[in-house]
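I'd like to ask you about the structure that follows.
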Amino acid sequence: MALLEVNNIHAYYGNIQALRGISLTVEKGEIVSLIGANGAGKTTILRCISRLVGLREGSITLDGEDLSKSKAHELVYKGIAMVPEGRGVFAKLTVEENLEMGAFSRDDQDGIDNDLDRVFSLFERLKERRNQVAGTLSGGEQQMLATGRALMARPSLMLMDEPSMGLAPILVEGIFDTIKEINAEGTTILLVEQNATMALQVANRGYVLQTGEIVLDDTAENLQKNEMVQKAYLGID
Amino acid sequence: MLKRSFIIVGLLVIASMALAACGGPTFECEDPIGCVTYGADEPIRIASALVISGPNTDLGTDSQYGVEIAIDFKGEIMGHAIELQAEDDGCSAEGGQSAGQKIVSDPTIVAVVGTSCSGAGVPMSEVVSEAGYAMVSPSNTSPALTDPESAWNPGYLRTAHNDKVQGKAMADFAYNVLGVTSAAAIHDGDPYTEGLAAVFAASFEELGGTIVEFTAVNKGDTDMRPVLSAVAAAGPPELLYYPVFTAEGGFLTKQAKEVSGLEGTVLSAADGMISDAAIEAVGEAGEGMYFSGPDLSFSGGLYEDFIAKYEEKYGAKPISVFHAHAFDAANMIFACIEEVAMQDGDSIHIGRQALRTCLYATSGFEGITGELTCNEYGDCADPKISVSQLNGGAYERIWP
Amino acid sequence: MLRRLQDINVLDLVLWVFRAVIIIVVVWGTIATIIENPYPAVTWTETIIAGIAQGSLYALIAIGYTLVYGVLFMINFAHGEFFMSGIMTATIFLAQPMGESGFLDTYPFISILLITVVTVLVSVGIALLTERVAYRPLRKAPRLVPLITAIGASFFWQNFIRGLYGSEVKPFPQMAIMAGKVSIAGFPILKSHIVVIVATILMLIGLYVFVMKTKTGKSIRAVAENKDVAALMGIDVDRAVSTTFALGSAMAGIAGILYAFVFRQVHFYMGFIPGIKAFTAAVLGGIGSIPGAALGGLFLGMFESVGPGLFLEGLGIPAPHQLKDVIAFTMLVLILIFRPQGILGERLAEEKA
Amino acid sequence: MTDKKRIDIREVINQGLLAGLVALSLSVIGFISLLGEREMIAGIFTMGHVFLFAAPVGIASVLAEKIKHENTGKVLGFGFLIGVITALPLIVLIILATSFDIRQFLVNVSPELIHLLTFGQNLVVGSIMLVVITGILSLLAAGLRLLPEIWRRPITSGLAWTLLFGTFSEILLSRVRAFFGRGVAKLVFSGKALNPITALLILIIAAAIAYWNVTKRSKSEQKEVEVSPEKQQKSQRIRVVVGIISLLILPLLLGTYLSEVMNNVGIYVLMGLGLNIVVGFAGLLDLGYVAFFAIGAYVMGILTSEGHLGLGFTFWTALPFSVLASTLFGILLGIPVLRMRGDYLAIVTLGFGEIIRILALSDMLKQFIGGAQGVLQIPKPSIFGYDLTKPEALYYIILIGVLIAAFVSWRLRDSRLGRQWMALREDETVAEAMGINLVNTKLLAFATGAAFSGLAGAIFASKLTSIFPHSFNLIVSINVLSLIIVGGIGSLPGVVVGALILVGLPELLREFAEHRLLMYGALLIVMMLAKPEGFWPSETIKRELHAHKEFEAGSSD
């Protein structure tokens, strides 16, 4: 059974339909990338899964458990953590407090301390700034913080929304390296990305989204070769 | 569909109303401003416009009880029962005007007992006068209301004393009886309070005393220490007069005891603080304090009967000051109705101008509050002001 | 471009005139007062201490305002009623009977404890009920909508309590341990004022530690910043909001007790004006900031107490204390012209304004 | 979504207790006993009973609607149960009140209340009666839900109209008396309440009309009537003409008192139209709007007063100065707040309102504007030597003012300036980036709003003939803000609807006296929960609100 199964979901903003029957699956241990243009509904899918947006139709299951009745704050207890769009760090909290918030769902102080060390070893920069207020961090550092914060929940599935957005190219590579590293340590990742090149490089499989519908789904390799994808998303003529 | 039926029912009502009724009395009214006619077994209707909501409810309710008891005692006039239409003056100009318009829109009302508050009385006396009604207020004390240069209107009378009398009496008491020569006055921006404090200050200076500070607080203030400190620094005065109401008065009394310099100052207030609630509010700090107010030490069998009825009917001792004035106001009206009403078979007719003339001509009328004689601008009170002292949690009349 | 520049210049000019006028009046009045020297030193100390005590009360109430504002960006107009309802109930059911029976002076600390428990329970209960019924369903509505329900809630509770206990002033018994003055550095200071000031400082420290150091406190701050992301962290936003309301109203409830100690009478209307003052204090200090609210409260209390005597007495204005709110609000405007975000506030992000 | 909610016995008990608590609260705050003095239908029941039974009946009805697909017995049983449970807290209260002196704590648990709750019987009989009566009423309420619409609608409609007539019986009485004389009035009413026979008649007529409507509608559904656009336009024009005519003859129908009420409403409509520009159009939250009202009133008062403060102007010569003065103050007070946003603006404007009121009250300015004693002897307006003293005459002045203000608002809304205001309301930064001059736009909003308010103030002063500082407190600002939001923010007809509800209705329901503010507060809450867009929303706002509603996330239920 797939870890995450999204089955024919429809979502609306006001009277505007944002998603028209999306279905996708994420298997345990995979990195799955969702690519598509601005406004195609990528973020909405993640917000649906994390229950920040209500569904009109369809179902979402995690390990066979129906999520549509859950509330957003319960999901992290079920093993889903999210790195939200625009990073969403708590600007007035310190780096360390941000990470503590990531571990809000947990009570095991020893384990939390361990994971804190792990995040700090993954992102050395954060360690230097652990007592600094997160609002003063650079964009790349904030991305690290948001990622680290999600890791603090020890999720089985991590949803990442546009991790490369607004970052310098050098940093982008670093971020994707980290994504691979996290995945290698056993966390399944569903990645939404505009930078399709990078996204398909790290991913096992990918979905291509257009105006609220999935138009293509295949392995990352095949998608990279797909002419339409090349034209529209990879910038290859 | 609700809308549709609303329109239909509404139209039905309006249409049926528009078919204005015909017919009228055969009696020819010769009164210049009209007559009120009550047919057989129709009650004579008088209105009250007193404050029966908001923070001054007690004042108005108490007066209304006075009117109700007057009606009970009177029973009927020339075979007609008396019916009371109770309105609320809201203790504000707007409330007074609304209540007035409501009353004058009812042609079956012959006269009004009201208002409680002078601020409501000003616009209401105008409305009521213009419509040809007469009103007798049990508790308006503002000098403006019976000042022909100011807000006086024909048709307005009162059984309450004029503030000029009370302010003067208090100054007299302070200067001549207590023998103080310096005083301070504090008001709270209420027209009543401000007027009284001003008259007091003027009279006190006239007598030869000095007013060291004439100042004010705001309604709703709690921390009076800064203003009391300023008063202390200015004198300190031998006497402090603050004719305010219970809430602010409670704060002033308690805090005055705690401000350096005012330890020896005599505290005094006015009838706004003569109530059980005020005794509780000032607590021990109020022991020995003086209160000026209408002389309530009424005597005579009538008052005893009145109080007995009051307690029987409302299960409490009078809750405020002006019940007797209201009782007298109502009785003045009844007496004049009896005098001017014309019997016409089973009906009676009351000329409105005749009623007014009669009211203004009231002289030597025996009421609970004394012998009432109206002057040409409607001041009818037999103004007896007394000063009481709070002793052992009760008011004790000490002067005159 | 040129026209716009002109506009701004004119505007700045007017604002400068505005500032200058206020400052000149204040400075002139102060100098005149000092020259005239109408008050002895004891008057000044009494006035200042009274100002600090009043300011402490405002600070405690303002913190509730600011906490709720920080989390929900709504003006909780009903906050003054939370302040009022607790102490009203405790006065009627506890303080008055205990005062009559003498229990209050025989066991003062037990009495204070009981009064505190009841007051805080009632204040918090009413706050939570209001939040659940009147605010929560409107969390996503435009901002004016919850403002109106808050105004509605304020009227409702005020008149509900009035209906329950009556409209009279209720005396709160004097406690022997709080009666009288002590002399500090030669100046007599009321014991009740000391109680208020000390209790406020303790409450502020306690609250600050709670919000900054505990997990719940941090989660409240996280919710204040971003509700969606906070939810993703596993924080139950509704619960965090309720906790915030509970905290704020508990502070307000305690402010109510301190109010009763100092002023010794309570009234159904006692919350309305302090509520507005606390809102003013919160804005003065920078709304959303806890130290700001405390500072704003203190400033406001001082302006009201000392301002009339200091600024206006020298100008020969009659009844200066009548104008204390004019001073308070003028100072608010002055401060906001200089610092539109309040004394300690941060510049509001666009979407919050 | 689709699965039907199952209601179990626990929920029923909870709901019953909720109803009981509501009834209990209304009782202990003195609401029930106060209204118990006010008969609705003479000798049968009072308004106190209506409110006592409102909660269980309402809740039983809502619950029945949810479970009406289940079997009849269950629905009726649950209804009855709710009524019975509702009575329990009340019975506890009755027992407490008869055995202890709880009145020393809760002043309103009076003997009259207990008398009303026990229907004048002793403890045991009264309690049983209370249980039975609430039970049966709730059962009937639940049962009503089971009836087919063709029966249910006439019954509810009949009951609603009867209650409505009963509520306003005092006003009706005065109208009936004015038009038909006392004879008819006495036939229709007993005392101030409806005569039982009249009540029955109203019920039957209203029910019959509703029945006729229901049957007619089911017929008309079969043949859809096409209305041509021309016809629509024509009917629109007819409606406008009818509207204007009825506005013109209104005072004749209403009589003195209701005209007075209309005048009060009209003054608030004028203020509401002004604030609607500031808050509704430009999105600037102003809580001190009463300041301009006060300035308008004081300028009128000082200029025209015949007392010692006055300067001897007439209403008409003073009017432009009033409006001008408020407008100037609008700009003057607008300048320091130009750079403030949202809640900072709110509190500063609130402060301005208070400053103006306190200055008006102060001893400092007493020699110029009267201080606490106010300004007296302000003459009423006159036209061609004819004094407009009666409310019926004053009505036309206010009507003209309102029409002018409404016309100006309407034109402004669709103007360039209006669109700039809308942009400002949506997003100040974006508006500025679009090249909108924020300073001018904001100041124009403040100035226009202040002008309307000044006009209202001027008329107010002249209408009242005396003004006192107390008439200009914060509550007025709050009232105006509430009425434009209840009516529907940004909507012009909404202002009128809001003013009718929040200003007119309380005037007519004077019985509620001291509970008026309580009702007002509850109304604001309920209103915002049920219809946040207001009773007559403007189209744009409605759309916005619905967008927000649909946006509902899973995180909050």
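Chains: A, B, C and D, in written order; residue numbering restarts at 1 for each.
Following the convention adopted for this analysis, a contact is a pair of C-beta atoms (placed from the backbone, for glycine too) under 8 Å apart; a residue touches a chain by one contact, two chains touch by 3 or more.
This is a predicted model, so every value here is computed, not measured.
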{"item": "Any chain in contact with chain B as well as chain C", "value": "D"}
{"item": "Most central chain, judged by mean C-alpha position against the global CA mean", "value": "D"}
{"item": "Length of the line joining the C-alpha centres of chain B and chain D, rounded to whole Å", "value": "31"}
{"item": "Centre-to-centre distance between chain C and chain A (centres being mean Cα positions), rounded to whole Å", "value": "43"}
{"item": "Chain A and chain D, separation of their C-alpha mean positions in angstrom", "value": "50"}
{"item": "Chain D, residues touching no fewer than two other chains", "value": "358, 361-363, 514, 551-553, 555-556"}
{"item": "Where chain A touches two or more other chains, by residue", "value": "52, 71-73"}
{"item": "Per-residue multi-chain contacts in chain B, two or more chains", "value": "57, 189, 214-216, 218"}
{"item": "Chain D residues touching chain C - in the complex, by the definition given at the top", "value": "25, 28-31, 105-108, 279, 285, 335-336, 338-344, 346-348, 350-352, 354-355, 358-359, 361-364, 366, 427-429, 437, 439-440, 474, 478, 481-482, 485-486, 489, 514-515, 517-518, 520-525, 527-529, 532, 544-545, 548-549, 551-553, 555-556"}
{"item": "Touching residues (chain side chain C, partner chain D) in the complex", "value": "3-4, 7-8, 11, 14-15, 18, 69, 75, 92-93, 133-134, 136-149, 151-160, 162-167, 227-228, 231, 237-238, 276, 279-280, 283, 287, 317-319, 322-323, 325-326, 328-330, 332-333, 336-337, 340-342, 348, 350, 352-353"}
{"item": "Interface residues, chain B side, partner chain C - complex", "value": "55, 57-58, 189, 214-218, 220, 222-223, 225-227, 229-230, 232-234, 246-247, 250-251, 254, 258-261, 277-278, 280-281, 283-284"}
{"item": "Complex contact set, residues of chain A against chain C", "value": "50, 52, 71-77, 81-82, 84, 88, 90-93, 97, 100-102, 104-105, 149, 153"}
{"item": "Chain B partner contacts - residues on chain C that touch it in the complex", "value": "38-40, 42-43, 46-47, 50-51, 53-54, 167-171, 173-174, 181, 188, 190, 259, 263-265, 267, 269-270, 272-274, 304-306, 308-309, 313, 318-322, 324-325"}
